[in-house]
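There are two complexes below, and they share subunit A, which is joined by subunit B in the first and by subunit C in the second.
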Partner chain A sequence: MEKKKVPAKIFKQEVIVFLVVIALLIFFCVASPDFRKYTTILTIMDYSYYIVLMAIGVAFPLITGGVDLSIGTGLVCYSLAGGYLIMFKGWPTGLAMIVSILFGLAIGTLNGILIGVMDLPPFLGTLCTCMITRGLGSICSKNTGISWPTTGQPGSWFRSIFKYETAGGTKIPLGFLWVLLLAIIMHFVLNHTKIGRYTIAIGSNKEAAILSGINVKFYHIMAYTISGLFAALASIAYSAVFKTVLPGTGAGFELEAIGGAIIGGVSATGGAGSIIGTFIGVFVICLLKTGLPFIGLQANWQQIVTGLVLIGSVMVDIIKKKREAKK
Partner chain B sequence: MGEVILEMKKIDKSFPGVHALNNVDFEVKRGEVHALMGENGAGKSTLMKVLTGIYTKDSGTIIYEGKEVEFHSTREAQDAGIVIVHQELNMVGHLTVAQNIFIGREFKKGIRIDDKKMNEEAKKLFDRLNIDIDPTMTMSDLTVGKQQMCEIAKAISHDAKVIVFDEPSAALTEAEIEDLFKIIRDLREQQMGIVYISHRMDEIKVITDRVTVMRDGCYVGTLITEESTKDDIVNMMVGRVIYEEPKTQSQVAKDAPVVLKVEHLNAGRMVQDISFELHKGEILGFSGLMGAGRTETARAIFGADPKESGEIYVNGQPVTINSPEDAVRAGIGYLSEDRKRFGIVVQKTVAENTTMADLPNYMKGLFIDKKKEREVAKKFVDSLATKTPSVDQMVINLSGGNQQKVVIAKWLCKNCDILIFDEPTRGIDVGAKNEIYKLMNKLASEGKSIIMISSEMTEILRMSDRVVVMCEGRKTGELMIEDTTQEKIMNLATRDIN
Partner chain C sequence: MKKKVLATIVSAAMVATLLAGCSGAAAPAAPAAEAAPAATEEAAPAEEAPAEEAAPAADAAAGDLDFKIVVKSFQSSYWQAAVQGVNQAAEELGVKVECNGPNAESDIADQVNMLTNYINGAPSGIGLAACDQSACLDALQMAKDAGIPVVCFDSGCPDAPEGSVLSTIATDNYGAGATAAENLYAALKDSIASATAPVRIGEVNQESTSESITQRGLGFIDKFSELASADGKKVAVVGNEFYVNGAKDKGDEASADIIIEVAVPAQTTVELCATEASAIMNKSDVLGIFGSNQVAAEGILSANENLNKLGTEAGKDILAAGFDAGTVIKQAIKDGKMFGAVTQSPLAMGKTTVETLYKIANGETVSDIATDGYWYDNSNMDAPDIAPNLYD
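Our next item is the complex of A and B:
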């Protein structure tokens, strides 16, 4: 009998991924002098926020054994909707943000109902809402690019949530703190609340959960609602970091988020996962994305390398499962 | 009947902890339908699996067409002409009839699959069986009966000389069974040897020539069907006398209140008009053969499967149970026969599984109170004597008996007063079985009421205060333990319902 506790195992996975991040950082710093700059850190941070937020959210459907493909186009859609209200209707930024968040919650809940209640396969259900949100985004923005207030304009306060500029002109990536805080909160939610416990139970043995008298439908929906909520939070981060949001984009963002979650130890077949791990896992992807151009490997290579890293981490998960089954 | 085509002599097979086959003899002649009978677990399937190469025998000989043989896979057995028609059909619903029959050995024309030839060949097979099925139909459009005929066609397409039917009539309607018998008689005419495994006494009388009975992994005897009565066969099936300390008297107080009353429950073919009462502190045994509808009845009561009609009263109050959630709220807990699939979450700890059904009571505001959770888990580990290094142990690492205790703890934690144990000791070794029995008796004496579904006669006789017997979705009898005998149960369990 093995006496190891699983929390310890997951913790180990987090440590391994963290070491990978450190190793990548050292590698890029050694390989490229240009990489060793403060602005690089700022760039990595800018690119990471929205992916981390999406990844934290999508970890929940992944742990139920499902997936949420709608978060990428959803993100752009919520951002366009909020931005449109500011740009063309003169709404205050705060109110527009609330609209974006409600929009995300609604789409997430819709996903949950499609999958948890109407029993659509998660892949298919969220693929449908992926297309729907892409269309809705274009309609909301009347087919034009939308910019949330840029620095200097009234209502641009939200940008300094993520990147704070001191009086001396130094830029501080404050967003990292908020994103880390959210990751810690959601880590706690996954491990210490009913929602988290039942999310894992659904992914691990849905039948047993039903026969234990748990309202599985409700908690199944909640997993997707959380995913929608975090896609909406990601949309705010995205709007704050980038100047213009274009309708029709967003497809593919979800893959980076899902990749990060899986690298961070979320089981590709559900039933187990770690949010802190997910948080660190995303930085593996962000580092590759930002770092590879510094050593002369352009966009195409980034994608290939990211794909290979993903295969590797999924294989680790599968091998682990097989070993457990053999015991 | 012709000469002997297949002879199995002194077959022996052990699994860890179980002597599954003990010196078993069995033979089939050409042009004979030979019934293989016995209680669940008597060793019929194991014997057939040894024959067809799924299991390797420990000792003994198999003589087929005069030569000693040993098959290492079903494929080898098939090639030699021995095939099984399984109870569960192995068909690909989306393919056509012909594509299914020739799956894995398709006719080819160059690199293309030659569907035309396959359809023609399938048609020839059907002609040989005198059945009318269009080979180009999609399999899932056929009735279960027709699908089974395709399975038979597939079997004889291997040029079979011996066909084993494993409970072929279980899912068929009366008319379909008639058709099946016609086919079997045709095959007998064609001098094939046929093994027919079934629990249905009336079918045995109609279709078979000889009956071989097995019990507890041993060969009991062979009868000529025409010369024997149903009682002869039943006596051979239950002949055993050894069982430990059977209950001779109900332990339930005469005036014990009714805690659960089920009236006219209907849920599909397997649950028809079931009514019974469960008293406080009682262990009510549900006996019957495989497929009698006992698990289906339990799942319908528990709300895991939909009901068509019927009333359920808990402590005299009518309750509506449409989901397991409702059932748990009414104080009913269900321990599934398939623990791994339905009972426990194997990747989680003992503590987490214990509070699974009662988590709302282990919350501190929004958060799970892990300290309290571990305390209660510890309490149940102690009181149920669960063997685990700690409550943080993953349930997957526990033995079957201890996993069962964790499931029991789950329902005790929820404070359920009515517990449905579905095959509580399946896959649990003898020592642990005794512990589970003791535990069930203790729970009953503490005022919990238990429904125990069991296919093991000894378990029913040892544990029950009263026994309900089911057969093919109906309740065929109810016996007080004082006047229960194996023969009475077996008679009720094989009663012909026509």
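Our next item is the complex of A and C:
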């Protein structure tokens, strides 16, 4: 019974968020003639990949009722480590990517063990790994900014995974396809596999999950490992889109991803969520981030507006829950 | 229950580690403080020596002079360029120099130790790029007592004991920003003169709080306004409040021929600089854009990945000027994507330091020197006085 109800409710949220994205697009197009350009779409896409990937990953810890604060600094750390191997050790790009991904998986699993096995509060556990990855990133890169191979240099093929340039010079935001594909796969994983269903079960009632014989520790770890994996994928997207990665940055990226997931219908208290919704929710954040400068709003106002939008979407979630409780 | 105990222990261990990390940073300061008084005692006998030497040094043959230079570290190619300048000047003047520096710019205690050791050796003069403004103060007092002249370069020690630091040689950031404005204006002069509608010049600053960045930003705005006004154009400054209010003349946007739009991201990251840059570069009336440090300049280049508007060749809309060097910016200038950039001059700074010490040894009075930012573009990147300043 419960199973049928949840997706129906979430589906509504996805539609609402999708309409918000369309409304924002129309608003910015009307408000700024400069916004109505193909290059703007390219820019929004470019800046969305890493947030989308982080958001897909962090949705899992959020659905268990936890959170992963280490993904932002983690992203920068994995990217610095991989980039350092390319820049200073002459490693091929592909191998460096694998190192970045393994690094992400390791930190994710560590988070999982801290929270799932040792019962650290998620906020505290991932705050610690957030600090650790920030320090590690600076150490990995020996404190200098790192550039993954730029277009034209050998080993820059990975940039065309995300943005393919045709012979005619037209740029195609190919990355959108890949992140959409990953979102669909993870949507399926969340709703139709053991890992996903147990993630939801842990979030809605952990005691019940333990009593019904689920290996809660293992699935709790898995949720954080997925988050680490997607932070690592996001690090590759970030390296591909931006020219330099700076040590010491990354704190704050996770908030955009978490914000996107919550706007997209992931319950702030766990137990429910949608990956497709998360995918769309991130675009609300990205549209605000890219669009607001076009209408002449200063950076500080952009943050205020994004904050207000987040409050709005959490309120919708709370009001819905209250109504359901009344029924 | 067991789990909770375990969790508490692990949490405690983590907090302990964090605290240890914090105290770790503070620890090196302690030996520095201890080292200073110990060194003072040793310095006592040395005191007489420089006093005697000071007089003959004035007309001493250059070969007798020996200077010690303490850099912040050898970590970056920036400092290697500074050392190169030091050695060049030493060769030209025929003096002996010795350079040293800690492993990392954060090894403050090590640097203080090096400095006190040098003071004990009673050299003819010391050049110092202090890692920390206040950590060197005791040592500077020692140097003063011992009669050893000190010249600070790259970074000053504003609180140094009166009379210990005879000259400070550092980049004039306001002037460096103005240099960028001069070059960009010269290149855009014709398009500005022939424009029928108002044109726009962008500026991306990574923040509005540090002395160096704000001075560069304002230097650019003021110089650009000055040059344009001299040609009879009205200029208005819009955007970030700090820079608008800091500009000498913020003008009136409605009647302006040139609008300088200043953007500052909420955080100093490349992607936020890129977002701000692309919002400006998307406007159709933009002729030029300036990024006031490496992060901002790279943000502009990131934004251009999609917009493809930057370039020095015909058909490109926007000329971009950057700041500092680094592989990404150097490559962009080589490819003609970026018009040029201002680099600080570690080479000249090193050179001037030795020259100033030489002057002091010869009894000349010296004052603070602001070194220039050097403009470089595709045409002079390989020139012998520019290339060593373009670190990776």
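Just so it is clear, the second predicted complex is superposed on the first by the 323 of 327 C-alpha atoms of A that agree within 3 Å, B and C clash if a C-alpha of one lies under 4 Å from a C-alpha of the other, contacts with A are read in each partner's own complex, and residues count from 1 in each chain.
The working rule: contacts are C-beta pairs under 8 Å (C-beta built on N, C-alpha and C of every residue); 3 or more make two chains touch, one makes a residue touch a chain.
Here the structure is a predicted model, which is why all the values come from computation and not from measurement.
Colleague: Assess the superposed three-chain arrangement around subunit A: do subunit B and subunit C clash, or do they fit?
Modeller: Once subunit A is superposed (C-alpha atoms), there is room for both subunit B and subunit C without a clash.
Colleague: In the superposed arrangement, does subunit B or subunit C reach more residues of subunit A?
Modeller: Looking at subunit A, the partner in contact with more of its residues is C.
Colleague: Touch test for A:K171: subunit B only (first), subunit C only (second), both, or neither?
Modeller: Only subunit C is touched by A:K171; subunit B is not.
Colleague: How far apart, in Å, are the nearest Cα atoms of subunit B and subunit C after the overlay?
Modeller: 9
Colleague: Can you list the residues on subunit A that touch subunit B in the complex?
Modeller: 1-3, 5-6, 188, 192-194, 197-198, 200-201, 204-205, 207-215, 271-272, 324, 327
Colleague: Applying the document's contact rule, which stretches of subunit A touch subunit C when the two form their complex?
Modeller: Going through subunit A, the ones touching subunit C are 34-35, 37, 39-40, 42-43, 46-47, 114, 118-120, 124, 128, 131, 135, 142-145, 147, 150-151, 163, 171, 238, 241-246, 249, 252, 289-290, 293-294, 298-300, 302-303.
Colleague: In their shared complex, at which residues does subunit C touch subunit A?
Modeller: For this pair, the touching residues of subunit C are 3-4, 6-7, 10-11, 14, 18, 21, 75-76, 104, 239-241, 263-272, 274-276, 278-279, 282-284, 294-295, 298, 301-303, 305-308, 326-328, 331.
Colleague: Could you pull out which subunit B residues touch subunit A in their complex?
Modeller: Those residues of subunit B that touch subunit A are 302, 304, 323-325, 327-329, 334, 336, 341-349, 352, 356-357, 359-360, 363, 366-368, 370, 389, 392-394, 396-397, 410, 414.
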